[in-house]
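Quick one: the structure is below, questions incoming.
Labels for the chains are A, B, C, D and E, by order of writing; each one numbers its residues from 1.
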Amino acid sequence: MKNDNLRNSLKIQRFIRPVDKTKGLPPGSLREPPVEKAIPVTLELFNYNEKGFTSEHIATVDKFFDKSSDLTVKWLNINGLHDIKLMKEIRDRLNIHPLVLEDITHTGQRPKFDDYEEYLYFVIKMITYNRQTHEIFTEQVSIILIDSMVISFQEREGDVFDIIRERIKTNKGRLRKMGADYMAYSLLDVVVDSYFEILENIGGHIQEIEEDLMSHPTVKTLQDIHHIKRDILYLFNSLWPMRQLVNTFYQNESKIIDKTTRFYLKDVYDHIVQVIDTIESLRDVVSGMMDIYLSTVNNRMNEVMKVLTIMASIFIPLTFIAGIYGMNFDNMPELHFKYGYYAVLGIMAIMGILMLSYFKIKKWL
Amino acid sequence: MKNDNLRNSLKIQRFIRPVDKTKGLPPGSLREPPVEKAIPVTLELFNYNEKGFTSEHIATVDKFFDKSSDLTVKWLNINGLHDIKLMKEIRDRLNIHPLVLEDITHTGQRPKFDDYEEYLYFVIKMITYNRQTHEIFTEQVSIILIDSMVISFQEREGDVFDIIRERIKTNKGRLRKMGADYMAYSLLDVVVDSYFEILENIGGHIQEIEEDLMSHPTVKTLQDIHHIKRDILYLFNSLWPMRQLVNTFYQNESKIIDKTTRFYLKDVYDHIVQVIDTIESLRDVVSGMMDIYLSTVNNRMNEVMKVLTIMASIFIPLTFIAGIYGMNFDNMPELHFKYGYYAVLGIMAIMGILMLSYFKIKKWL
Amino acid sequence: MKNDNLRNSLKIQRFIRPVDKTKGLPPGSLREPPVEKAIPVTLELFNYNEKGFTSEHIATVDKFFDKSSDLTVKWLNINGLHDIKLMKEIRDRLNIHPLVLEDITHTGQRPKFDDYEEYLYFVIKMITYNRQTHEIFTEQVSIILIDSMVISFQEREGDVFDIIRERIKTNKGRLRKMGADYMAYSLLDVVVDSYFEILENIGGHIQEIEEDLMSHPTVKTLQDIHHIKRDILYLFNSLWPMRQLVNTFYQNESKIIDKTTRFYLKDVYDHIVQVIDTIESLRDVVSGMMDIYLSTVNNRMNEVMKVLTIMASIFIPLTFIAGIYGMNFDNMPELHFKYGYYAVLGIMAIMGILMLSYFKIKKWL
Amino acid sequence: MKNDNLRNSLKIQRFIRPVDKTKGLPPGSLREPPVEKAIPVTLELFNYNEKGFTSEHIATVDKFFDKSSDLTVKWLNINGLHDIKLMKEIRDRLNIHPLVLEDITHTGQRPKFDDYEEYLYFVIKMITYNRQTHEIFTEQVSIILIDSMVISFQEREGDVFDIIRERIKTNKGRLRKMGADYMAYSLLDVVVDSYFEILENIGGHIQEIEEDLMSHPTVKTLQDIHHIKRDILYLFNSLWPMRQLVNTFYQNESKIIDKTTRFYLKDVYDHIVQVIDTIESLRDVVSGMMDIYLSTVNNRMNEVMKVLTIMASIFIPLTFIAGIYGMNFDNMPELHFKYGYYAVLGIMAIMGILMLSYFKIKKWL
Amino acid sequence: MKNDNLRNSLKIQRFIRPVDKTKGLPPGSLREPPVEKAIPVTLELFNYNEKGFTSEHIATVDKFFDKSSDLTVKWLNINGLHDIKLMKEIRDRLNIHPLVLEDITHTGQRPKFDDYEEYLYFVIKMITYNRQTHEIFTEQVSIILIDSMVISFQEREGDVFDIIRERIKTNKGRLRKMGADYMAYSLLDVVVDSYFEILENIGGHIQEIEEDLMSHPTVKTLQDIHHIKRDILYLFNSLWPMRQLVNTFYQNESKIIDKTTRFYLKDVYDHIVQVIDTIESLRDVVSGMMDIYLSTVNNRMNEVMKVLTIMASIFIPLTFIAGIYGMNFDNMPELHFKYGYYAVLGIMAIMGILMLSYFKIKKWL
């Protein structure tokens, strides 16, 4: 019970950007992010070009700014947002606008794309889905693309970028052959691709609910429909801004993005449009399930009412007749007829049969 | 039961692009398509111009690239998407972008039109309808238009292009007189035309459901409405992007498309707009049927309640009176009146008649 | 019954463009229109200018192409679309695009305006309304405007253009003073004006249904609402594209349309916008009537339930008391009290009054 | 009853432009307006500039065209539209387009703004509200702005322009200091300002209905909600085009409008946007009241059902027990137990208490 | 009761701009604002630049126009709008358009941004939320940005700008380093930031209602849903225009706004978009809660009906049987069977068990 409340509690507040900690700070301030301060921030650095690559965990960002290597593209992945000193160092050495750093540390941003001329900045939503509890969580991923460098900021360590790490190591696909813009695209692409998997899981869950709905709908079915409806609403609200983000990214005329990469960004755009379309379909599907539930409940009530009406309509008149002959009047000649009792029984039987026929004709039986 | 679940299972998952097999592959990779690998891929080649034509099944694509023939326009129709070697050969010899080939083999694409300058690429949905089970299936058809060549990719052999084959052979219409762009248009046109037939079938099915709804609505009617509603939703989602596709195609300024052909593309655009309009009308019609169903159920419940109320309101008071004179008090003078019994019967009759009159006035009878 | 089904049958299929006869024909083919082949095609020719006019029924189109007359503007009105030879002759002599002729003969087109530079072509919907059966029918009217010639194609002879004929004959208004573009405008104008009359009739019918709804709603009222709802949906779908048509027509920069005429086209545009607005209002009105119907049914059920509850709540406990004193126990002292019977009757009366008071307080009475 | 029907009758037909009288007239014809021909048309002429003003009722328009006065701005207000001779004289002397005069006399126009270069023409809706019957009426006001002249046409004499007359007389505000364009703006402004008052009255009426709804909803409440819903729909449809009108007016680049006046037109635009916003809010509010009504009816039915169920569930089983001991079998030993009667009464009491406890636990009591 | 009405009264009228006091005044007139005339108007003046600041309460505006200070940026905050003399002085000395001053004193404006070239003017909504009564209040804040001066007008003294005062005093953030445009941005920013806090509070309240809804929904729950729904509607209507305001502000090309400040305005724009998104989500959430409430009520009614039907269906037939053997016919042989009574009791028990089994199979138990 308690737990259930908590679960719902999560559900409504997640629609709202958490706000109290930021109150009163001037714009561009770096604030401490709300969670998991205990876990240390980790930094992963990848240097690569077509010929080779290095991959290492680094303690300070100095190595990232070290330009001695031949490996032209640099990707710095930062897990954890609460190392304010680190943030400030990146801000100052790359001359990033304070608002960008504010947005990175202040999770709960709406996905967006900003072109600061010297560099591009975008915030995206990473979605994870718990198959057991059917709960959806979102995480903010911020990406800065500057010259031949890409910096990505995750709230905590995750495995969604493993695919990218693998591609760098095995030199599969064209990642190693292309520039930093393609790396930024790749990060965006794997996140968008992961949405399809989420949708497939949610689809499977809707399927289960629908099977319940068709075979034996209960109050739990209604609650499941309600929960999945809200999850889809949440998903829609989280991903809807992604469409505009990718569109702006794709049509942006920044020199940082190569023409070849634009074809790939157009492809991501097509994917995100398909994701939005699918979510809208699922919303309509679930909305239709709600209607079916209500009709089913109505139909059942109808059936219950029919049983009551049939029982009452048959037996109440018969009971009345029995009541008449249970009266104690002195002068009731029928009581003394020899076959009076049988006659009354016969009349009752006929009345019952007539009633049944009536309901048969009405198609209530 | 099992079967029914399966049928529904198809229904929800079909809204979602299948995803798991592609996970982790770099963009532009060729993947194996999910179905029917056992069936061999077949290639049909048509060469034609105004004066003549050849038509043959070919085993390798060499013949397609052979430029010795005078027959200027070439149409290669490929049935089956799982011959990766073939795909790669086409990609490399025509210098097609890897993303295009990825989209071709990865069925479940949203219909779209891409202009790659050297060539045009579009993906469309072919719809088939099973008149017995009233189920709708979609198939992806990809078309590449490059110079005087058209390549079409179907998931499996079908008969929708028979009309085109016939026109080449009989030289009816202007197909043989026009270029490859007109051929691409023709393929698009026959697919769009086939939608009207689907709509007519669905309209017929809605008609049947409506007749049920009007004469004797049952729970099955509700399920039919639910199914057709979802089918229309599915159809709408599948065909809605077609509108933008044809619009982009028609207004595209590529030199590959001749001005004469544009008039025809405008015509296809008008058709697809009409298809979308019709689907929206059907959606509204079916939505109104749902309302009618609910009102009907409500009206019936009302009728059931009236029967119950009339029966109970008439006989419960009468039974009470009979109960009074069934009491065993020593001192109940009425019991000893000579015509007491008849008086009570009379009173009961009058009460019954009054009740009936009341319900008559209330228009419940 | 049969008839009623047929009527509904008409209703759903009319939303869908008839398609089977065209299957497989190449684009631009002339096909036989589906109805009324028995009735001969008639051709009416009007030649006129400010000074005079001729009006005649002609058998062949030769007279139309005869340029000897001084009467500058020519209007050819063709009733019936199934004379394919005639169509081909017009196509070839005026060099009309085959797609135009296809659209003319293939009724069921969405209203549209096409600018073929040499000539303008538009398809409009003429609406007729049967006041008895409240049924709406649409007919396709196609108009070609080329130089100083206007050709109009109707499916069958009708009287909507009588107003135009009258104006030519009596030289009222500015029709005879203006060119062919004004004639095309006039044809469009009388058709759009006729919509207002249809709307007035439908409004009157809605009025009648509403009066039923307010005074004594029955199941027939529900069906009427359902029918009018679908008629309005049909009307909306038929006329919605007219808005874009007139807008394109009005803003079109073709030299065929004179600047003076544009003011008039703007006026038609205002009218069609008003028509669409009105249809949307009626839709909302009818949708509100559906809600009222449902609430009324709900209220009635409520009333029925109250009667049942009041009757049952009063008499069931009283019957129970009577039942107690009808028991045959040896030792029931109350039975032998002198005024026991009267005491029980009194208690019953008090209970009944208390119950009635309770329901009075609850405002159920 | 009759009256009520009439009232509703007004309601539906008012959504539709009256049409029958115009049928068959050529465009630009002047037709007789449908009402109040008996009342004579009156003409009020104001001449003014910063230094002085004249105000007079005139019989013919000659005085209006007399250019001898120094008072630069002229405002002619015409009450009544049925003096066709007068209309024609204005049309011919100012060279107004026939369509404009047609629109002026043909009330029921959609609000619109037309720029005829030489002059500007706009039609607006004046709304009046009857506080007793809560009925809304609309009147068409047409305004022509030409050089330094403004002509306004009202269907009948009204007091909404009294504010303007007062300002001319008292020289308050900047009206006398500005040109004819500011006068046209002022007329528009007072009409738009009057909408706010209407909205306040309607808001007050909704308030009353809501109080009824919260304290004791009846069928009348439902009808009130229905009426106010339709009034709001009517208001929305009447005023929605005003937004576009004022926007076109404000952004129009005609030389007739001075730059200074544009600031004021922008202000009117802000007002009309606020009016539309408010109407939409009220629509949502009323729509929510409908939901509340339905829920309340549902809740009541629930309560009624509970009373019935509790009464029946308690007494039906008890009556059954009483019935058992009312049977006349020879061999029923319990009947002869000394305290059998009391035992049965006790059992009945216990059963009743158990039932009540059950309903208590179920929270039905 | 009275109080409750009052509360609702506030609710509907607040959607409508108060109007009666302004009736008849010419545009640009200064009117007395409706409330709190008793409280004196206070003026706070801040002069600052990067090096220092002064902060003082002033009695007349002379000090504000005194240009002797080195402190370049001036911010004048005026609490209270009813000092018409003061307003006129500001208007005349800064040459502000009369419409601006009218809008400032006439609270109830729609949020808007106007560019008067010499200065920028915008009106925003400040929202306050009462956590106890869950009531939302709005206050109008008007801001004029002219050269290096910012003037803000509040209806009454409030604490929302304390954050700004603090930043000036402590020189935190970049406020002191930037110009007057940044000050105007800062005022806008703190107001928009305050919305997030309101949303969090409302979210918490929705949470509470949802917990009620899930555990024990009552009529109060319905009323709470209704109230919160209307509050969200009100909030949406108040803040929706803010989006356009900030967008126009941000994209405005006025020279008064520095390029650096535009980045910050873009950030505010992102925030207001997020606010609107969140309100829309909450609207959907609450709308879903309404559906859940209705389904729950329906389900309960169903349960009530089942109890009634089960009780009645079991005991009515049994009572009938008891009634039969309570009849007083002379010739009823069963009555004289030795075990007749027990046989009948047995039959009754079997019938009861059959009934229960039937309901068990129907899953009603």
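One rule holds in what follows: contacts are C-beta pairs under 8 Å (C-beta built on N, C-alpha and C of every residue); 3 or more make two chains touch, one makes a residue touch a chain.
From a predicted model like this one, the values you see are computed outputs, not experimental measurements.
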| item | value |
| --- | --- |
| Neighbouring chains common to chain B and chain E, by label | A |
| Turn needed to bring chain A onto chain C - CA fit, degrees, nearest 5 | 145 |
| Approximate Å spacing (C-alpha centroids) for the pair chain A, chain D | 42 |
| Averaged-CA centre spacing for the pair chain C and chain B, given as whole angstrom | 26 |
| Touching two or more other chains - residues of chain D | 298, 301, 305, 308, 312, 316, 319, 323, 326-328, 332 |
| Chain D residues touching chain E - in the complex, by the definition given at the top | 163, 166-167, 172-175, 186, 189, 193, 196-197, 199-200, 203-204, 206-207, 210-211, 214-215, 263-264, 266-267, 270, 273-274, 277-278, 280-282, 284-285, 288, 291-292, 295, 298-299, 301-302, 305-306, 308-309, 312-313, 316-317, 319-320, 323-324, 326-332, 363-364 |
| Chain D-touching residues of chain E, taken from the complex the two chains share | 1, 4-5, 8-9, 12-13, 15-20, 22-29, 97, 99, 109-110, 112, 114, 116, 216, 219, 222, 226, 229-230, 233-234, 237, 240-241, 290, 293-294, 297-298, 300-301, 304-305, 307-308, 311-312, 315-316, 318-319, 322-323, 325-328, 332, 334-341, 344-345 |
